[in-house]
Amino acid sequence: MNLDKNTEQTMLDDAARKFLQSKCPSSLVRSARDDDAPFPQELWQGMAEMGWMSLTIDQAHEGLGGSFDDLTVLLEAMGAACLPAPYFNTAVVSATAISRSSATGLKENLLPRIAAGKLVSTLALIEPDNSYGLDNIQSTAVANANGYLVNGIKLFVEYAQGADYLLTVANTEGDGLVVLMIDANSPGISLTPAPTLDYSKQCEVFFNDVQVESDLVVATGEDARELLLYLEQVCAVGKCAEMVGAMQTVLDMTVQYAKDRTQFGQPIGGFQSIQHHCANMAVDVDSARYLTGLAAWKVSENLPAAKEVSMAKSFVSRVAIRVAKMGHQVHGAISFCDEFDMHLFLRKVQSASMAFGDSEFHQEKVAVELGL
Amino acid sequence: MDFSFNDNEQSFHDELNDFLDKELPADWYTKPVRWPHDYAGSPYRDPKDEETGEVFRKKLADKGWLTISWPKEYGGRGYTNMEQAIFDERMSYYLAPASGGISCGIVGPMLLRIGTPEQQEHWIPRIASGEIGFWLGYSEPNAGSDLGSVSTFAREEGDHFVFNGQKCWSSGAHHADYSWMIVRTDADARKHAGCSLFIVDNKTPGITMRPVINILGNHSFNEVFMDDARVPKENLIGEKNKGFYHLMQALDFERISLVGIGTFKRFLEELVEYVKTSTRNGRPLKDIPSVRHKLADLATRVEIGYMLFYRTAEMLDRGQEPNVESSALKVMATELARDMAEIAMEILGPYGQLTEPGERAPLRALVSRGFLESISATIGAGTSEIQRNVIAQRGLGLPRV
Amino acid sequence: MNLDKNTEQTMLDDAARKFLQSKCPSSLVRSARDDDAPFPQELWQGMAEMGWMSLTIDQAHEGLGGSFDDLTVLLEAMGAACLPAPYFNTAVVSATAISRSSATGLKENLLPRIAAGKLVSTLALIEPDNSYGLDNIQSTAVANANGYLVNGIKLFVEYAQGADYLLTVANTEGDGLVVLMIDANSPGISLTPAPTLDYSKQCEVFFNDVQVESDLVVATGEDARELLLYLEQVCAVGKCAEMVGAMQTVLDMTVQYAKDRTQFGQPIGGFQSIQHHCANMAVDVDSARYLTGLAAWKVSENLPAAKEVSMAKSFVSRVAIRVAKMGHQVHGAISFCDEFDMHLFLRKVQSASMAFGDSEFHQEKVAVELGL
Amino acid sequence: MDFSFNDNEQSFHDELNDFLDKELPADWYTKPVRWPHDYAGSPYRDPKDEETGEVFRKKLADKGWLTISWPKEYGGRGYTNMEQAIFDERMSYYLAPASGGISCGIVGPMLLRIGTPEQQEHWIPRIASGEIGFWLGYSEPNAGSDLGSVSTFAREEGDHFVFNGQKCWSSGAHHADYSWMIVRTDADARKHAGCSLFIVDNKTPGITMRPVINILGNHSFNEVFMDDARVPKENLIGEKNKGFYHLMQALDFERISLVGIGTFKRFLEELVEYVKTSTRNGRPLKDIPSVRHKLADLATRVEIGYMLFYRTAEMLDRGQEPNVESSALKVMATELARDMAEIAMEILGPYGQLTEPGERAPLRALVSRGFLESISATIGAGTSEIQRNVIAQRGLGLPRV
């Protein structure tokens, strides 16, 4: 048993923190938010040069062949930096999907480009009247001679305007779900910005008779369903890792502020109510870290992980918001200013807590795993 | 116990309903961009609504309703505090642009209590008519929860006080005309003993403001700098060096008048209506047991809020000071404002994250705003921690240490 | 509006508190628990002499004609004393049921005896595989020439061994529920003690071909259902009043202890964590009192009260346990001793919180009242 | 992170399972009357079970398993702390009568750390064999959370210390043979500086006990009075007047060794099984969403408890002192014990109130017991408030004031 990072992960973590502190300060998060560009290109290229895009891509496709466990180390650091770029969408969701596809051509075509930082892809999953899960996909993909003809509406598509591809899930008639990498420049695609709390530049995406060629099919039939179930696990745990990173930063900032800020002639951290708030936050952070670590380890080791993944996502989604709000409370009015960073973390964890199933959604899954 | 209005109260309640139904468009409650117990005022998306609001507010002032519980000789209607509470409840339920807010809710009543006859004559009519607005000059960089630590200093010089120092988190100072400000007037006294209250004109030379953008992206806060700003001595309110004790009273008024209890009911109703009429994954939202239970819990807490609110009015009418009770109301209502946003967010799922109104954004995208805005509720006007200290020490008699 | 007791209620309250302090100290609660007798007879007679048994019985039947609102004043005082006697069962549930019956003879026969303290009656409602509500009554009442023949099992019957009558709900074939006052000495009734946390000397009651004469029928058909719905409201609010009384005592004891007990060189009430615990308790107690008062007032005034009753019962049931547990926490180890009174209140509120519908049961009813 | 056992650990784990399956009846977990994280010991309803327990406990002692992490020369097995943790987990999961508890979990390890060679030689074998039992003589009427205020005084007199004073909440003192006691040995020193640790024989003349019945109706507590009780000087453990600092270490052990992490898992499984197989109002309990969600939440927190528990073992094996971490474990596990009882009560409804086992009482009526018993969990061995102080001050470096 080892409840800490291993040596390689510690090195990866150190490098990531250092890079992000220098290249992704909170001022960049704000300027990215206010900028018309979908995300900061320079940061993206820097991340590619660090090898992050290819961390879990296998070596045959110019990747580093790292484990999912390693990837969560990066995601935690990114959560701590409120990274304003589609790393999760591209290097976690899309790269994983393609890597597990049986379509050799697709892999050879796309994975090296992702690894090189030359391809941005994002997930188009959620639809009107649907929040989580795969049970109600209304978008249609009708097979034709060259591939599929796709119609539908997708919501909450992060960084859509900066994406080269849209990893899309649609329903076929008779063969269940199909997973497609849709070229974002295909005729028939239109975007409407739909801004959200977390500054991730979300859009609604409309597919109107969009032709998708066969060589962009990621998975069909039972393969598609299996792939999506695996992706759901990867994404849920990945979001947990982001939240753990954000929570730890909130805790660190809050403890430091409690030591520095003086009221009534003493540091506010000397007041028992503040001490107990901080103690509760610390226990929450540790608990979230271990649950996330357990789920990530199971996924990495290809062990059955459904229960642990949903335990992590249900718990972390709940306490991350609690921790971020408590960070605000201890800081007081200063944390209500845009120029103070605390709200960036609140936005981050709020969004991550809902992504890929909220707390209650995953509680229900835990219950199923308990045999209920 | 008896929870019915008496005949006067009931007919005033009915009169208010008639007035509001007549003077505001039926969909008015959809116009102000606000969340229950917000400190950030009520902006409108459409400038025309701003105009409608101004017209309405003028009508209220003409009826004397901005100051209904003030004595008639001061432009009020001489109504009871319970009637004042009924007025506040109805206005906030309609989200009417009624807020005399700081001017009529805090400064006016305080002037009536501790102002000189000359001060009352000078200020009260202009407050009652809605002609002038105030901001609260309490917080400073090193005096937040610990208001006794204000260090802005006013030295006496002839018939003026000369102010030097800085205020912060000054909500709405840029829209207001005057500040209701506490500053230090005796450098040697122990911290609570050397402060005084003043009315300070925003236009006083030496006063400058820096806007501070809040996490909603709005300019609500300001930093206000005073650099040899000369304030006439007649603007000292109450006793010199007793300002802190006066301010403690003012804080009670603040906790009551800012609560806007009716907004809670309004948003609860809106949320219930949304749940009744919406589906998720093809299933009616109202069929989800946890959604039902969360709304039941919110409704119960709104009901509690109403009673804690009316309790303060009842006490004032009996000549009691509801200081502990206003703390209980404040802590209860602000935590409800937060939980209401959090629960609405849970019910709405990703749709609650949307920040711009539109087809996909339920409740005019107010939930994402409320989620952020309610962060300030449990902080501003005394944090929940400070309110609990008040309840424990002043209410239960536990020792101050 | 008046959020306090009126003058008559204040007098009633003062008299009740004084009586109970003298006649029902906590030592009596313990001796009643340890005694074989179902409840202390002397206390019972004293309460009857105070006029409590007849408080809400109308004057035509030798009662005082008080309102339900007045009754809650007494119940609050009794909650504060953890009264070890079947007052609720007899003077609240049974007297109310009989008072609202259209059976004149039954009223004339039983109400004066209740008023005089000469009749003890208790409710036999819950059955195996059933916790709350009226939806699943399996006990049967078959009409015959002389009345009904009753069979069934009833659980959680308080003070059954001391009761002269069992107010029983059974199902007829075809005519819905029937409410009966069953003579506890009827042939075919047997009791098995089933002790519970709250020392209320509960039994399982078995009805085996028990003949109930016509003159003991309280209500049938639609009347029965209406009566039971009204009783449910009265009982739920009555239990809230008991809990409010218990909570207030817990708060008072706890604040006093926090002032008296010294640790680390100061009263523990000087520690902010203890102050905030006490402040939270105080807000809970006030909130519980007002919600209960609102519901009681609506019931008393014959206004529609379903929403307010369920708001009160769902909220008070939740916070009463929270307050009692916090009372233990502030007191520390001393409160874990039988000889210290705190646990008597914990037991009381735990039991009351579940009686006549727990928090979730009533939350669901509130949701229905909201139109959901 | 890596959550797998290494080969040694895994085979020990398997060995324990085999042993437990062989040496205890399959329904043994239904025999002890206990709730997770109880302080009241494990009484049995049937005296025969008491005997079975004694036989089992003897077998454990014979295998050296009561003291597996002690060095072999002291009767231990020299296993790692992780293996000790695995042992504790398995034993508590089976509700095995394994607890070396205070003797093997606190006194023994402390003697190995701070005892003299003579003391180790004298006491350790008798502890390892299970021959003698200890109670903790910490609390006094005026020293609960504030242990530094102990006033029982031990004055030196020749080759003895003479004890006068009183201990209270002395759990199990009447079943034990010796006390592990802290008393004041320097009346003039500042409070934490003048205390010392002793082993005190219950049979010492001048010691009397008064039983105190707890809210479960059991005799678990005692008041212990010392009236000129003479304790030989060789029973002073560690440095004189450093007792408080030694005791702080002992408290860390206490928080870990008393947690009984496996009992949480066992009761969760029992509760889940009950829900799977039961109906209420004709409806399967497992179909009620709130029941499902509450059990999912409990299961998640049990999983967290396991990790916080193993973390302390990992730290000990690395030579680190898990003082903050043991506080986190303690506060987390004890609040879980409470919530587990409360949730079980909610799920069972009125059936949870029954106090005697029988056909109608699910889970052998343990839920009503747990509801009361867990009251002590968040109080004993340092209240949750004290644990949070430790986390904030020692863990996060916030100031002591």
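Every chain is named by a letter (A, B, C and D) in the order it is written, and numbering of its residues begins at 1.
Convention: contacts are C-beta pairs under 8 Å (C-beta built on N, C-alpha and C of every residue); 3 or more make two chains touch, one makes a residue touch a chain.
It should be emphasised that the depicted structure is a prediction, and the values quoted were computed from it without experimental measurement.
Enquirer: Between B-C and B-D, which chain pair is linked by more C-beta pairs in contact?
Expert: Comparing B-C with B-D, the pair joined by more C-beta contacts is B-C.
Enquirer: Compare the CA centroid of chain D with every other chain's and tell me the farthest one.
Expert: Using the mean of the C-alpha atoms as each chain's centre, the farthest one from chain D is B.
Enquirer: Based only on mean CA positions, could you tell me how far chain B sits from chain D in angstrom?
Expert: 52
Enquirer: So, what's the distance in Å between the C-alpha centres of chain D and chain C?
Expert: The separation of the two C-alpha centroids amounts to 39 Å.
Enquirer: Could you check chain C for residues that touch two or more other chains and list them?
Expert: 271-274, 276, 360
Enquirer: At least two partner chains per residue is the criterion; list those residues in chain D.
Expert: 289-290, 293, 385, 388
Enquirer: Any idea which chain D residues touch chain A in the complex?
Expert: Interface residues on the chain D side: 1-6, 9, 82, 272, 275-276, 286, 289, 291-293, 295-297, 299-301, 303-304, 307-308, 310-311, 314, 328, 331-332, 385, 387-389, 391-393, 395-401.
Enquirer: Mind pulling up the chain B residues that touch chain D in the complex?
Expert: For this pair, the touching residues of chain B are 288-290, 293.
Enquirer: Flag every residue of chain A that touches chain D in the complex, lowest number first.
Expert: 1-6, 69, 255, 258-259, 266-267, 269-272, 274-276, 278-280, 282-283, 286-287, 290-291, 293-294, 296-298, 308, 310-311, 314-315, 360, 363-364, 366-367, 370-372
Enquirer: Spell out the residues on chain D that touch chain C in their complex, using ranges where they run on.
Expert: 139, 142-146, 149, 168-169, 212-215, 217, 221, 279-282, 290, 338, 342, 345-346, 349-351, 353-356, 358, 360, 368, 371-372, 375-376, 378-380, 383-385, 388
Enquirer: Looking at the complex, which residues from chain C come into contact with chain D?
Expert: 126, 128-133, 135-136, 155-156, 194-198, 204, 262-264, 268, 271, 273-274, 321, 325, 328-329, 332-333, 335-339, 343, 346, 350-351, 354-355, 358-360
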